[in-house]
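Step one of this worksheet: look at the structure below.
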Amino acid sequence: MLRFATRRLALALLVALTVSAISFFLLRLSGDIAIALAGEGARDIDIEAIRAQYGLDRPLLFQYGEWLLQVLGGDLGTSLFFRTSVGALVLDKLPVTLILGISSLLFALLISIPLGVLAAIYRNTWIDRLALSIAVVGQALPNFFFALILVMIFSIGLRWLPVSGSGSWQNFVMPTIALGYYVAPAFMRLVRAGMVEVLSADYIRTARAKGLSRRSVIVKHALRNAVVPVVSLSAVQLGYLLGGSVVIETIFALDGLGFLAYESITQKDFPVTQAVVMLLSVFYVLLTFVGDLVNAWLDPRIRVA
Amino acid sequence: DQANNSIRFAYDQAPESIDPYFNNVRIGVIIGQHVWDTLVYRDPSSNEYKGLLAESWERIDDRTLEFKLRQGVTFHNGEAFNADDVVYTLNFVADPENGVTTQQNVAWIDRAEKVDDYTVRVISKEVFPAAIEYLSGPLAIHPNEYYEEVGPEGMDRNPVGTGPFKVVSNEPGKAIVLEKNEAYFEGSPKEQGPIETVDIRIIPDRQTQVAEMLSQGMDFVMHVPKDQAEQMEQVPFLQVVSGETMRIVFMQMNTLENSPAPALKDERVRKAIMHAIDRETIASEIVGAGARVLDVICFPSQTGCDASAAPTYDYDPEKSRALLAEAGYGDGLALDIVAYRERNQTEAIIGYLKAVGIDARLNFLQYAAMREQIRAGEAELTHQTWGSFSVNDVSASTPVYFKFEADDITRNPEVRDLLQKGDTTIEPEARNAAYRDALALIAEHVYGVPLWSLPVYYVATSDLDFTAYPDEMPRFWEMDWKD
Amino acid sequence: MSGGAILDVRHLKVDLATERGTLHAVRDISFSVEPGRTLCIVGESGCGKSMTSLAIMDLLPKSARRTAETLSFRGEDIGSPKVMGRLRGDRIAMIFQEPMTALNPAYTIGDQLCEAYRHHRKASAREAREKAIALLERVGIASAGDRLGQFPHQLSGGLRQRVMIAMALMCGPSLLIADEPTTALDVTIQAQILRLLAELQEELGIALVLITHDLGIVARIADDVAVMYAGQIVEQGKAGDIFGDPHHPYTRGLIDCIPQPGKTRPGERLGTIANTVPSLVGEMRGCAFRDRCPHARPVCAEDVPERRAGDHMWRCVLEALP
Amino acid sequence: MTAVLEANDVSRLFEVRRGMFRKKRTLHAVNGIDLAIQAGEVLGIVGESGCGKSTLAKILLGLLPPSEGRVRYGGRDLTELDRFAVAKLVQPVFQDPYSSLNPRRRIAAIVGFPLDVHGIGTKAERRRMVSAIMERVGLPSHFAERYPNELSGGQRQRVAIARALVMNPKIVVCDEPTSALDVSVQSQILNLLLELRKDLDVTLVFISHDLGVVEHIATRVAVMYLGRIVELAPTHELFADPKHPYTRALLSSILTPEPGLGIPETGLGEAYPDPLNPPSGCRFHPRCRQRFAPCDTQAPRPLLASGHMTECHLHDPQIDGSLPQKDAYP
Amino acid sequence: MTESTAFAAVAMPSAGARLRRRVFGHKSLVFGASLLAVIVLVALLAPLIAPYDPYAQNLLARTQPPVWYEAGTWAHPLGTDNLGRDYLSRMIYGARISLVIGFSVMVISGLIGTTMGLLAGYFGGTVDLVVTFLVTTRLAMPVILVALAIVAILGGSLLVVVLVLGFLKWDRFAVVMRSATQQVRSQDYVAAAQAAGASTPRILFGEVLPNVFAQLVVVATLEAASAILLEAALSFLGLGVQPPLPSWGLMISEAKAYMFFSFWLIAIPGTALALLILAINLAGDGLRDIVAPEGRE
């Protein structure tokens, strides 16, 4: 167990390191931040001054090493745009994104698990086909398009929900739906496929041969085994939701990490971009780790003997 | 909203810092003008300079201006305003070490000197006719003691000025709340109206802003594109006001020796481009009300922007094609065009160029990336805009692109010399003549394609009473609710 | 014959809808089992053995359709899902082939053992546990108490199959159906499990229906034997009669295929049956075995008579094998 | 008789992880095997599932490099030979006729694959060779253009045999070639293998867990237990006079179709052999009824007496057989 | 196999016929594939069927509604866009761009991912470790953000978008190909080929690849769809291909400014995009069904 944890942690570190290096060099090699920082109307001397001020004139590898040392010391650097600590900035935006990510995940699970189970039980019936159509259509609609339609209906038409902001729970309703519905099909398919497979498993026949009730067979014996892969997918998808919230956060002016990232990208505020990308990758690795733990807890075959 | 006398204002971009010296976006200028005061105020209707923190001023010599300061003014934190504040602020920002974002606004200042508690002198490095203009715009005065203590960062976190509004809350990148400064001094040309609070929310997506207006979640937005603004005009509870701004739109053409598009070195090709674009139609159909077709690359109200000697070019695709053929490009010509905003305008230009056989491939970039290309001499055609920092003087516009500065990709020494002469001459007649000749020369050789001025559309709840000015500055202090 | 029978199956048919048409997996078979006796159903892969057992248990896949004239357990009609719902797992129990997959990996042995008992007997957890421990000990599992907390994957195949047997016996059934219970096991373990089954069957006086393709097992454990081919029972009778004096060419062919120490000489040609088992899709007329039969003749394409000599039944146009 | 294939002290280890939380363990799938296969013989290998039969087969085929020890073909070390040379010497027939044929190839292509690889003959010659061998294994020629999924298990196994024989190898290693087949088909395949062996003069290694079949086909039998050969003797001798207690247990568990004999008592405990946790001393001792003092501490050594090899303390003259018996399992 | 005469001759269809029946019996596959075929056809024939030059603008005829609106005319069946260009023509040419993006990204990422997956699955050990690590790293990088960042820097263009997405989206190919290869690798026919002396490339291309190809095709279709969606999202954020190129994603992005008042401007490309994705996904799903259970009889 401890070995496993340390191995995973080492992997997380290695992944984070690689991601940070890739993003650092990509961001740095492809443009001159000094010009971006100097802003409209800056003259060459202004740019030179900025370059010197931020140490951008030194070799890239040196800059990376320095940055890495800083990060290891717990300092993510200073935002070039906001001129405040990146760590504080990111921490400030994190809650909104976390709330959005988790609520979308829950929303996705809430609609996909029952649908998936029903589709599997009533395989090849209209229920199955309905569930499948929902999934297929859901995956086909671009989520920004869907989000805008939600706005048209619920904010402008019905005036039930506020368009933008992050002040109250109402602000999260549409973003949650817009983001969650997009990942729901993946879950639904997984649950359905898992249930179909599990329902034809020998141990389900055993359970039925024992004379157990249909409900107990489905809920206790089948679902329990079918949701195991859902857990790891949830972990992965949560990572995706955190990263994929860029579009949705921009549309709903939800002031979270995704939006921060988008802004930092357009403003070439690369320490922030870098930090967000790295944070998300660490999240991803940690989440998969958590997913494995939960899986192990659900599936005794993996559990510690 | 009207009920609690507050205005909810959505803007699409966050300022890097609230300290007006450390941002270069419009919203920063707007906040700056509300929270701080400058020495001088230019009346937006009459363009007349009035005393603000200074009561009067006089020119001591070519490089020196002396200001008599207003007494009895206090900063939001209670600090009294006097000459030390002015001297400290101007000397601080003039020092390149301190890294003020827009150096152009401050680089002309040599130093500020205290004469007595309420008299200061501002000395420019060279002869600088536009000094008053700058002092009435971007050069806000900070409280010296506080600023010395907290620096630009502290100023961003807890801004303190003398202005008609004070910042009561600031969530970077998200929202800024301004509240009326009850202790604002009497007799300011920025006369205070009834608005109690201004609730500024950063909403990056234009459609979200429109949606907020349509669902009455916001009271005031600006920079609304023409088409949407016109459509919102149909909505009963919204009003749309448009106004011209100082922002000019133009195209640059790389005529340098090593231009990646040698065709542009041919004056006939440049003239062909000039004739190919139906600027009138684009201006009226796409740019919108208040847009004015320009003949030279500066804003007409700017001092020295005299187009009277410049030749004009009309929309004439036939002539354009003929010129191209004459230059040897009858079979077509492919050019790259870089742009960074107003994409639909660029698209329209590309459409017109296509019609005469010029295939312009768009390279739409972030501003910084675009400028990097231009300065590296890699750009061919550019589609640019320039706001002159709302400085109403030609020295803030034309010379930037034609005086051999980094952004100059035509480099005609004659033009440079004329501009230099204009920049350093105090005597208005002679100054004007120099600029006029320079502008004529540029237009004659088509070193750039002047296009139009950008209007700005403001959309507001219909019961808000406000005026739009060409300097793109909504003045919340003078707004009011209609009954 | 059906008088004392605990299980009586008359004219059972199972049809499966497949892509290629209707598959008649079980084509009109009848048999019965008496208390305390062991009936072995034997046949090659795909002849419909499992379908027969699942049809009795009402556990057929959705695509299957079952029809039967009689399907009764102690006179009760187990063709009715309601009756079967009550009896299944209680009076009638079943053991499956794959001990590796027949247990739910997510629950402990104890959980799975007690589940049915508590469900059918409304027993307390403690009662169920005691019963489970007793049974585990009976099937030869040492330190049974500890085993209850283990998960299936922690047990070897042999142990799992013992657990399966104990699980089937929890409610004290009077009929036990075992579908190839030892096919997945090693020979030595197979012998142990079969011995255990035989012992328990005798001890508890239950009726055992054992399905297998292994004639060796049949010979050693069966009282009665039914030989299935292509969804039909082609020969049925007492074990001694079937092995001592097979009347159907298929039965005899099967026995001849197996190398038997003492009877077949090493390295010598073994008996064979030409071709392979046919697909069961589509209608059939006449003897299903005739393409592979060394004694086939034109009449085999006609309806085949069912012949009897006492308990011994076979379907063949021939009265006796040459 | 000469040894066409020799294995000297061959071992194979696997690193395995059971469950992601556990650390890697070393599994001795094959552990110190000595074997000399004589030309023309049929060597049967029997043993329980997981005892290392398939691993040994793969090593003999040159598909798995042994972790230790050497494999020699006709005196030449495996490492000196290239894959072509090995392929001409030994060919496999696998257990599962479904997975041993590439479903995307036609039968003719499958059978002719080795010829293709080695570039033997012209296209036409190859086609002739393929149809000749197909006929020899009893596959009608119209099968040549079919795909494997159109064939029954027995037919597929014939295809596999044809593929193994098309290059005239010296040895064919059959890993449980009939265990997935029905008895009626099994006997066809066994007959075929026996015929081919005579006709084509190949040496067979025949792996099976069915002792009845092995007795029928093999000339010599090796009994494996947990990675080791515990007894190796000519067939008749092994069946007439099994020496190792495990061999005896195996023999007693054969169920011949003789009614009335009942089910034999194998005399084995329920301890299941776990290759990850091999017992100390003699690997069989936890299940052995006759274990005594040295069994759980001292590994037995191979004892050879007139071609009959056993690895058991009971038969070791150097071990005092009168040592007290350890209590057998309950 | 001599067919049993004991059984009334059920016309036992050939494998090909059965496959055809399965394909044509799969309603959603048929629907998806036909829809996709129509779109592809439209894209191929664009110059022939588009009524106007998709770039010809007419500033005096801007945002005219489609025919089904009262103000619409048959001159522009789908109306005109904000520069007065014929919307139908732009939609027709736009199909080309979207398909080109989907296809090229699929090819690039497919090549990268398949190579990695094949090697990892076949060789295992260190190669597998390295590939697994690369995949983990790739998965840990938020695609949208990284793509946005790169496009923001390099400037959007068809080529940049295709390359960026192609170099980012190989993960699913690698994952699926890896496990499929592992599975095939454990099949005895691979061992048989090795025993026959076949070289590793020969085994990889001759034995492994054909047997994982079906899964490859399924992943490829689904990835093409996701690439098209991703490009649309980039365009939506203003960082996709460059105007005046009529990519559907870009058209949605440009039309979003008009969505509250001229809904059709966004609805038309939005619906078209959704239909395209739907078609590809249905086809992919269908293929998966066809490929998966070639059930043993």
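Chains here go by letter, A, B, C, D and E, matching the order in which they are written, and residues are numbered from 1 within each.
In this section, contacts are C-beta pairs under 8 Å (C-beta built on N, C-alpha and C of every residue); 3 or more make two chains touch, one makes a residue touch a chain.
Not measured: the values here are computed from a predicted model.
J.: Which chains are shared contacts of chain B and chain C?
T.: A, E
J.: From chain A, count the fewest steps through touching chains until chain C is reached.
T.: 1
J.: Across the interfaces B-E and C-E, which one involves more C-beta pairs in contact?
T.: More contacting C-beta pairs are found at B-E.
J.: Between chain A and chain E, what's the gap in Å when you average each chain's C-alpha atoms?
T.: Once rounded, the distance between the two centres reads 23 Å.
J.: Using the average of all C-alpha atoms in each chain as its centre, how far is it in Å between chain A and chain D?
T.: Spacing between the chain centres: roughly 52 Å.
J.: Express in whole angstrom the distance between the two chain centres, defined as the mean CA positions of chain A and chain B.
T.: 40
J.: Using CA atom averages as chain centres, what separation in Å is found between chain D and chain E?
T.: Distance between chain centres, rounded to whole Å: 48 Å.
J.: Multi-chain contacts only, two chains or more: what residues does chain A have there?
T.: Within chain A, residues 31, 148, 152, 156, 250, 262, 266, 268, 301, 303, 305 contact more than one other chain.
J.: Could you list the positions in chain B whose residues touch two or more of the other chains?
T.: Where chain B meets two or more other chains at a single residue, that happens at 207, 211, 214, 366, 369.
J.: Where does chain E touch two or more other chains at once, residue-wise?
T.: Correct list: 1, 152-153, 256, 259-260.
J.: Under the stated contact criterion, what part of chain C meets chain E in this complex?
T.: 19-21, 230, 275-276, 278-291, 301
J.: Once bound in the complex, which stretches of chain E touch chain B?
T.: Those in contact with chain B are residues 55-57, 59-60, 62-63, 82-83, 85, 152-153, 155-157, 238, 242-244, 254, 256-262.
J.: For chain B, which residues count as touching chain E in their complex?
T.: 206-207, 210-211, 214, 225, 227-228, 231, 234, 278, 281-282, 285-286, 343-344, 346-348, 350-352, 354-355, 361-366, 369
J.: In the complex of these two chains, what residues of chain D are touching chain E?
T.: 58, 61-63, 83-84, 86-88, 90-92, 94-96, 98-104, 110, 113-114, 117-118, 147, 149-152, 155, 160, 163, 167
J.: If we count contacts the way the header does, which residues on chain C are in touch with chain A in the complex?
T.: Within the complex, chain C contacts chain A at residues 57, 59, 61-62, 85-90, 93-94, 96, 98, 101-108, 115-116, 119-120, 151, 153-154, 164, 167.
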